[in-house]
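Heads up, there are several structures right after this.
Okay, so subunit A shows up in both of these, paired with subunit B first and subunit C after.
== the complex of A and B ==
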């Protein structure tokens, strides 16, 4: 690395649609909704944006199986011949868009750019369960696996490694989902807004043992956008802007399924991305220094292992450091996913990375929509977004903070 | 030992013949199951076939109750989940495979560390024969 990105780029506006089953809106509508809120937040118009990066996995049913292009956004926003680049790294696409926008500003080519993530999933019928008959590398890479199934294997490996009986392991995971749903209730833009109990989670139908219905995020429509500018120009737009402190993205060599020393209970790409981001941000003790974390909890076990692999506690110490201390609540010592997370806020694939940045940005400004989930005095927050599955990850870690 | 290319097609042919085969790097000795034609540790391109004994132990698993359409078609559902797992072979490498011979309705009885032995699941016949890798308790 030649230079750290720290404090060179600012976020001066952000927008996010209501997440959920958006039968009322097309992909164009959701892009407009998020982009308009972001522009109004900065006090600019779409025509002032000089370049856009859009993160989307499959766009919408409209793209008909063809990978979407930048046109998905240029046509929705009617941008006039500016570069609009579609980026894709599976569930990590949103953060990949943030990265394009960040380096676009850092290159000094642009003054004002947008990162937007969007997915209109419900009308595609996509359920994350896999639809293709095992082909080329089956049964080796998939073993008839599903998204939940691949994460579930990490859960059974974790339980075995740390001597947790299945009942106790499931209870630790259930507490995470209870917390996510609690904050969903307090977040007007969240998809799933209902309190649940540990018993609800444990008794829910199994999807892929040990993960049940409430251990899995749903299928959600949504979009989120951030507007970025050079840090030295940020004050033109607002005083309470947020700067990028560190940005790491790690694409794993995908060795997880063949290396004998890979045990699925800690995630190499997650650790690598976190190390890059913390080094740039100058963070030595993330648990102490970070005021909040928005991490990629597509499954309850994902929140558990990501917390450890982002160095928020030692490997194997999650129960003591998070569950027992209730540290992950907004008044706790290390708040995690106070938005409701992917679990409850929702996970429109390409949108999540931008949505996490939206949440940290709003929390830093003290503008969480309801005081019941406003974290006190946030000056430094982490967003974590990852695509792929355990052993085969593309992972990103983005640190945001006050200038 | 065999003149077949180090490809997934060869690998599947071997499975049809009830052999679990990998490739071994002639230079650094790294082992790959399924076979790779280029060593991902030292980038050497000279490989040799290596037959696995088909013995190993369970490292991680899941019992899938809500599966993809092709598994539902095979009769797997919430009342009849199927088990997928990561198996560490005696030779040191890991493979992902179906796990047979376990009680998928009582997944809490399935234990990581269980010794396993290979099983070949043949589907269809003749030219359409396709064999999936599975393991069962030894």
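== the complex of A and C ==
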């Protein structure tokens, strides 16, 4: 690498729609909602934005397999002939949009750009995301693996490797979902806003054994946007801006499940992305140095393993380091997903990467909407966004902090 | 000497208790019948029987494959060619489908023997398999079962010589299916028995015995077709066979009438229990009848197969009729856009070496075995030129991890997604079939099975799955 991205690019505004089953809003409505809030936050108008990167997996899922283009944003916002680039890295698409915007600024070509992530999942007529393979994109290979089906394999493997009887393993996972729901209640923009108990989680219907209903994130509509500028110009817009400290994205070689040395209990791409981001940011001990983490918890087991693979604790030590110490609560030693996370805030696929950045940006500014979940004195936070499934990940790690 | 060199059988793991049918429709049926899994058909069951038959035999020695079934999955498109690929046989062989007659298998026997006799081939694989669908609430429903048998014919290493055969053809119509019939039609059962089954089979057997100067007393066992248990008992009496010692159990109460595969499966049972020097009477019925005298050789000792027992013992009971209805697609079920499936014949063709033959790669640089076949080694990134193609379908494995997905669009949820490490190297990420969902554990022994994984765009998509070892 030629030089680090650290402190070259600033986030000066962010917006996020209410997440949920947005029967009231189409993909264009949500793009406008998030972009408008972000522009108002900076004090600029849409016409001041010089380039946009939009992260979306399938847009509104209505394009019959045809991927949406930048037009999905230009037509919603009526931008006039500026570059709008659609990027896609499955569930990691939002962070890929952040990356495009970040490097757009770092290239010194633009003064003000937007990253926006969006997904409209609830216009399809069915719950869930459907199955990917085989049949839709690959005639035979893939074992009809769904998101839950594939992540659940990691839970089975984790329980087996660390000698946890399924009941005990499920309890550790349940504690994570209880925490996510707790913060969803305290977050007005979150999708799922109801406290749950460990017993609720354990007794819930099975989705993909060993994962039950409350181990899985919902199917959510939403959009989030960030506005970026060169760090040296950030003060033009505001004093409490946030800078990018490090940005890693790692695409795995993809054949992890097929390798005999892969045991499903760690995320290789997550570790690689984290190493890249920590190196740029100069982070040596992430658990000590980071004040908060927004990580990709599409499933409870995803939060557990991501926490280990982001080096927030040793492999196999999650229970001791997080569950038993309640370290992941906002007053704990290592707050994780105080937004409610993908689990409770929601996971509109392409939106999540931008939504996580929105959360860290607001926490650093001390503007978590309800004081009940404001983390004290946040100066450095991590967002983690990943697409794919165990053994076949694309992962991003973005460190944000005070200048 | 020309005859049967090896033999194999396949009985699907699922059984439907006739008690369940009694509950649904009334009736007094006893015992159970074998039911193909939702991902099985005559083609996949035929592959399994043939794999049992070819155990310990060099696959490249097979010169021809005859596939006998009244239920081939395609009306236009050969099944035998797909079976040959799944069995990883040579490409320069002749493949034939023999369909339409319940007697197709024993007709194939004659074609195989004649071909070997003529010297144009050395070894012929004959597979008999059927997955016939009885009309719901019919006399056939408790009766029909699913299964397959396979025989390797040749002139070397014969375990059962075919001493003599007699064939009889007849235009008699008893049961049939028209082009678009899903289920089997039939005329009155007494007419079938009195004018069809009994006179035809009796004539074939008596003509044969007369030709060869034998009586029914000369046979250690008799393996013969019958439409049902009553007709079977009656025929034994007519032929003068001792029910206790001479009649091979037709497994009506465990498997059912398996159509084209029925007499062949009964024969496998007889062969597995036979001793050198034994004579076995084989008789088959449908569009006429045929009868055969088999003489067991010393070679039988080397095979010592116990596949019938193993197949009968490892079973899973279908817990209700609804599941059976779903397996055989007997009702119209709800569809949603989520379930929309696609396929690509061009892609399957490009990937045929691993889709059908289950070939993987062995890296000549790092030695690692990988599946599916790769463009670069997934361990050391060596170029494709260093990747040596190797067969993997006969390897056993152990379960690394799994999940049970209740929401996946499969006929028989949960979809059990599994990672299996293969003995001697290789990892297979796959669906697990023929599983008891209450009894799956990391580390359990697994094997591979060729299955119809889904249908899309009018195409049957075949691929491999893993399944718990059947012992």
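Here is the rule we use: the second predicted complex is superposed on the first by the 383 of 403 C-alpha atoms of A that agree within 3 Å, B and C clash if a C-alpha of one lies under 4 Å from a C-alpha of the other, contacts with A are read in each partner's own complex, and residues count from 1 in each chain.
Definition applied: a contact is a pair of C-beta atoms (placed from the backbone, for glycine too) under 8 Å apart; a residue touches a chain by one contact, two chains touch by 3 or more.
From a predicted model like this one, the values you see are computed outputs, not experimental measurements.
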**Asked** Looking at the overlay, what does A:166 touch: subunit B (first), subunit C (second), both, or neither?
**Response** first
**Message:** After the superposition on A, what does A:124 contact: first (subunit B), second (subunit C), both or neither?
**Reply:** second
**Request:** Applying the touch criterion given at the start, work out whether A:263 contacts subunit B, subunit C, both or neither, answering first, second, both or neither.
**Result:** both
**Prompt:** Which holds for A:145: it touches subunit B only (first), subunit C only (second), both, or neither?
**Reply:** both
**Asked** With the two structures laid over each other on chain A, which partner does A:209 touch: subunit B (first), subunit C (second), both, or neither?
**Response** both
**Asked** Who does A:102 touch here: subunit B (first), subunit C (second), both, or neither?
**Response** neither
**Request:** Enumerate the residues of subunit A that count as touching subunit B in its complex and touching subunit C in the other.
**Result:** 130-131, 134, 136-141, 143-146, 148-150, 152-157, 160, 205-211, 253, 255, 257-260, 262-264
**Prompt:** Quick one: in the complex, what on subunit B touches subunit A?
**Reply:** 8, 32-34, 40, 59-71, 78, 81-82, 84-86, 88, 92-98, 104, 107-108, 110-113, 132-134
**Message:** Quick check: in the complex, which residue numbers of subunit A touch subunit B?
**Reply:** 129-134, 136-146, 148-150, 152-157, 159-160, 166-167, 205-211, 253, 255, 257-260, 262-264
**Message:** Can you tell me which positions in subunit C touch subunit A when the two form their complex?
**Reply:** 336-338, 340-345, 347-348, 351, 355, 368, 370-372, 374, 378-379, 400-410, 414-415, 417-419, 421, 425-431, 442-443, 453-454, 456, 461-463
**Item:** Parts of subunit A lying in touch with subunit C, wherever the complex brings them together
**Value:** 124-126, 128, 130-131, 134-141, 143-146, 148-157, 160, 205-211, 253, 255, 257-260, 262-264, 391
